[in-house]
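For reference, chains read A, B, C and D in written order, and residue numbers begin at 1 within each chain.
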Amino acid sequence: MPAVVRTELEVRWGECDPAGIVYHPAYLDWFSVARMRFLRANGISYMTSFHDEGIVVVVVGASCRYRKPLRAEDLAVVETWWRYVTRTRFGFSYRVYNGDGDLCAEGETEHAFVDERGKPINLARRAPGLWEKLRAIPVHGEQSSERPS
Amino acid sequence: MPAVVRTELEVRWGECDPAGIVYHPAYLDWFSVARMRFLRANGISYMTSFHDEGIVVVVVGASCRYRKPLRAEDLAVVETWWRYVTRTRFGFSYRVYNGDGDLCAEGETEHAFVDERGKPINLARRAPGLWEKLRAIPVHGEQSSERPS
Amino acid sequence: MPAVVRTELEVRWGECDPAGIVYHPAYLDWFSVARMRFLRANGISYMTSFHDEGIVVVVVGASCRYRKPLRAEDLAVVETWWRYVTRTRFGFSYRVYNGDGDLCAEGETEHAFVDERGKPINLARRAPGLWEKLRAIPVHGEQSSERPS
Amino acid sequence: MPAVVRTELEVRWGECDPAGIVYHPAYLDWFSVARMRFLRANGISYMTSFHDEGIVVVVVGASCRYRKPLRAEDLAVVETWWRYVTRTRFGFSYRVYNGDGDLCAEGETEHAFVDERGKPINLARRAPGLWEKLRAIPVHGEQSSERPS
């Protein structure tokens, strides 16, 4: 059960803008990829455990601070961990590094569990098996500005 | 019931790539926008008439020829018309012009009607009211290389 | 010189995800569209005044809070205003409303002026004419949670 | 010098649409990823050999036929090969398979070499070293409908 999951991506040409660098919304898309990998590395498929069960994990907040640009063909390493998990919400943190290990961006997202009409779900009641699996994943928690390890 | 529908878009920064021009898949996205506008201009909301009724209009083929690049803040005018419509499929043609009226791109898409499991639908049987509406839309047909008017 | 600029967008099918709602990074893309419109409504074309002059307006921070989902074909109205502008940076705020005037999302972005190698630029020195134009735009400032008007 | 290059991708949540399947323009984006991998597998970095040298490889045509849908978390394998290469153009073919080896899509793109103003380039004259490298890559050519191997 890894507390911090590493996702390696290669920057795509189509993710970059006329300034020649990654267009900033792409980082939120990478966080989404990294989130699915975090869950999968901890034994949970988002598609079969959440989506197919009618549990929608909506984003209620997202933020990103951009430190160093990346360009097409660059390696981007996204480190992902959990800040918290409750019966109704969870929150993730992310750091993006380039191939030299320089911090390029860091961000956070917060999510709520809702049903297909948008009504809040108590996960412990709606999907107790999934809730037990989630509870077993270590929470890395709030970070100082040092790199998690 | 317009046979040719004009959709005006302003090129977005995020639609452009490091070469400073519109990233080519964006044209297929514009065709999708233009298709919904074509249907709406003919009295049909895609979301309420197709999507909410469980009718999926899948793309089975798409092509685009690129003539002249566009860049951010440029005006893009997409002209859209129907090449054909049957009980199980329809096909669209598109031409993209810039603000000076120069032809920038032209493309085609083909679509099949399926249910949520991907099974083919006969629209005349499944949604006769919608089928009557579709039939009433004029088909502009195959074009010579001149501009439709 | 409007302090708050309204941008109307129609939600695109391709901006939505398998949950049937707008994929959350799309809001940052809308903010980018709205930012260009804000500048243009105040007499400045981003492409000719910044991009073509080698002035890159990099995003250093972005955040969004999501209140109410939107889906394809919905109207999205983005209201945009300036929180601050200095010789080296500016910051924007955004609110997104649906067609009923409900607040759907609110966000902020911060930007730095750099040259094509990423070196900070003092805009008053590098482009004094542009700087005068920017200074003349009213700054709406920090908002309470009420709607700007 | 591989004639056919395999690129493995995991379908992203953000690449899918409200029908729950990959939004069709995403395939053109995957072809772009696959093209860069094809060149790299043959010893050429697009960014350093083309982009940084002011050689723009513009897309002049693209097409895709969609056979079977993919959804988020699915494996997508893109096989890429060259149909032809000349001093002024090249053309690629692509096939996309799912994790079971089923053909999901097939497509083609055509590209022209131009300079930063859009003027055609003769690659043998402008970049003879790069041209020699390109010539050495085997051309797989037009395919029958069987799978290349």
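Remarks
Here is the rule we go by: contacts are C-beta pairs under 8 Å (C-beta built on N, C-alpha and C of every residue); 3 or more make two chains touch, one makes a residue touch a chain.
Remember, predicted model here, so these are calculated numbers, not experimental data.
The interface with the greater count of contacting C-beta pairs, when A-C is set against B-C, is A-C.
Averaging Cα atoms per chain gives one point for each, and the point farthest from that of subunit D is the centre of C.
A straight line joining the Cα centres of subunit B and subunit C is 29 Å long. Between the Cα centres of subunit C and subunit D there is a gap of 34 Å. Rounded to whole angstrom, the centroid-to-centroid distance between subunit A and subunit C, based on C-alpha atoms, equals 25 Å.
Among the residues of subunit B, those in touch with two or more other chains are 13-14, 18, 25, 29, 32, 51, 71-72.
The residues of subunit B lying in touch with subunit C in their complex are 10, 12-14, 29, 32-33, 36, 40, 45-47, 51, 71-73. By the touch criterion stated above, subunit D contacts subunit B in their complex at residues 18-19, 21, 24-26, 28-29, 32, 51, 56, 58-66, 69, 118. Interface residues of subunit C, counted against subunit D in their complex, comprise 13-14, 16-18, 20, 23, 25, 71-72.
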